[in-house]
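Supplied in structure tokens, the structure appears directly below.
Labels run A, B, C and D following the written order; every chain starts at residue 1.
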């Protein structure tokens, strides 16, 4: 059975009682109905939190850029300008919705759906904690690669359907950049899959530990390089600066969403910000230990047996600790992403392709072979375990 | 081999449904509260203030296609490598990791040969990809033929 | 219950997409309908307990083949407003007219009848036992790929290498004046 | 509802629509779309038979290779289309009547 948020709740007595009650009332087995309701509520919470993260992302972006450029940034709406994104949202929904006369109406309307749908579908497997992840699919990482490629189609269609030269150029560039950088991302993920032996996020995270030396990031030299390759390529896949060529303001006006106004534009922006969060979350889950809490603080037997917390609160507390661990690392990476954006200048198109095909792809292929060799030669032990074994054997030799 | 219930895929459907509801809902709600007075000028595409010339759906350069071509081959090979990568650890533990390692190496070797070929022929360059030399070579080939 | 829902929606998506490809007269739109059909087929794989195949379908088709087709459409779009090229040939070919549709429906009818005749007696000849539960297939596929089908695995990489080299040679840009008379 | 005949029916519809697309359309890229549909119906059949008749995953391997071959076919086919367009400035299937350019 795949573990999911439903199987987490299904262990709790109230849930089982509710299922039994519903079955009694409705006259048929209502476990599917109950699972649907639970999934629906959990997805609703996740989507709203993610929309909030997307909104706060725009705020954080402006505030951090202001900080780096010694400006004040938004500070009028709410305390410290925190409600700026709400004001922006209200403004967006009040804007007129314009579809250009020469545009391809069907594709113009459907393009944001591909972007937003692809990004939302990735949220289903994003591992917030061992219990509160929506679902731990057996093919987690691979599924994520598949649905996130819908974003590329959405960006291309957004550029194509507008029938504007800026949009078309931005869309072509965006699609070719996204597909190019998918190669190093895939190869870096295979590097981790070789070491973890599973595609499911819970297994990949379960094999890591809470402390930095147990993470795949510091597992061996190849994964260390692989992390940086993954991070750079993921930046490019989400069209973040210094790889924001599809929407380069100084060259292409606004790129693939030049002709989009109001809410349609907001959906493209929302999809982009959520995708950055998802990508940071995936980097955390694959390389930085995911939701693992140091010293097994979140485990049930520690909280329940050692500290004496009752069963139900102990379970919740453990999950909250795990979510805290995951979100802290993800936000830290998110900060790095914004920091990079306001620090580095934009690349040229040819530099972009050179970086992808002539540096990142060969390096990630090398990493892949290296990780396979490490697995074959050292049985997948981390470099620290090997060192400890070495010192032990030397010490034992006396 | 672990059994599972198809309910595990429920969130995917629900989340995509949310995306559709958000897009449709926001546009329908917005229809009642936002202005709608289109004019001829508003509906033209933006071309820095000039009247747009022609349509944007024009011919693009072939280099886009060549890169997409290299990409799709790598994509497919990556998809094929995933199951082998998954079982590598298990095979290694039962002592037959060498066979998997060799087959993986062979696979990556062929992949690398393709990359090296495209690199040497200049397919991976963006701007100066087709240098004078390759043009000359091609012209010579034509003369010979 | 949910199994039936996911089956029905995927089947509707697959069949609707395929039929829209048939009737659509806009090349870009039919590409998007094909994409919908492919996503529907991927959902059908999920109901067939082929989770790895479903994800492969998404990765290879949605991320690869469809993008390639969209690029190819952009590369052959015709750069000017002229509808006739210098050979006097219509640049934008028709997406089918009444004559071709009638021809194709006749052909499809003949082919379809023969295929239907083959699959009609499927219920009589095959005994369907109890279906096994849904299970993950990645590890079994991986095991098969390095044991029984290792030759196919290695040769597929050679096939892909051949496709890469061949297509790169064909599509590579040539000298401007090299175009034949 | 989820049974072998229903999957065969879906795959049959995909096959027939692919066939109609291949014959009716005069655009080479549209014909390639039809080829993709036909290959998909074949791959779906393999997976369906694996599920309902014998549960040894050889059918999945076959479907996997069909997907791979479809990708390779699309890559080479579209390359030929683009080359043809460079030479003839057309992607009309009726123009492709001469072997030598």
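By our rule, contacts are C-beta pairs under 8 Å (C-beta built on N, C-alpha and C of every residue); 3 or more make two chains touch, one makes a residue touch a chain.
Just so it is clear, the model here is predicted, and its values are computed rather than measured.
Overall, the chain located most centrally, as judged by its C-alpha mean against the mean of all protein C-alpha atoms, is B. Interface comparison, B-D versus C-D: the higher count of C-beta contacts falls to C-D.
Centres computed as Cα averages put chain B at a distance of 20 Å from chain D. For this pair, chain C with chain D, the centres built from the Cα atoms lie 5 Å apart.
Note on chain placement: the centre of chain A and the centre of chain D lie 34 Å apart, centres being C-alpha means. Centres computed as Cα averages put chain B at a distance of 16 Å from chain C. Annotation for chain A: residues touching 2 or more other chains are 32, 35-36, 137-138, 142, 147, 160, 172, 176, 179, 182, 199. Shared interface positions of chain B, defined as residues touching 2 or more other chains, are 2-5, 7, 9-10, 55, 57-58, 60, 62, 64-65, 68-73, 75-76, 78-80, 82, 85-87, 90, 111. The set of chain C residues touching two or more other chains comprises 2-3, 47, 52, 56-57, 59-60, 63-65, 67-68, 71-72, 74-76, 78, 136, 138, 140-141, 145, 156, 160, 163-164, 167-168, 171, 174.
Chain pairs that touch, as defined above: A-B, A-C, B-C, B-D, C-D.
Put simply, chain A touches chain C in their complex at residues 32, 35-36, 104, 106-107, 110, 137-139, 142-143, 145-147, 149-150, 152-153, 156-157, 160, 172, 175-176, 179, 182, 199.
Within the complex formed with chain A, the chain C residues making contact are 1-2, 28-29, 32, 35, 42, 51-52, 54-59, 62-64, 66-67, 70-71, 74, 136, 138. Residues 1-7, 9-10, 13, 54-55, 57-66, 68-73, 75-80, 82-87, 90-91, 99-100, 103, 106-107, 110-111, 113-114, 117-118, 121, 123, 130, 135, 138-139, 142 of chain B are the ones that touch chain C when the two sit in their complex. Across the complex, chain C is touched by residues 1-8, 10, 12-30, 32-34, 36-37, 40, 43-44, 47-48, 50-53, 55, 57-58, 60-61, 63-65, 67-72, 74-76, 78-83, 85-95, 101 of chain D. Chain C meets chain B in the complex at residues 2-3, 5-6, 9, 46-47, 52, 56, 59-60, 63-65, 67-68, 71-72, 74-81, 133-136, 138-143, 145-146, 150, 153-154, 156-158, 160-161, 163-165, 167-168, 171-175, 178.
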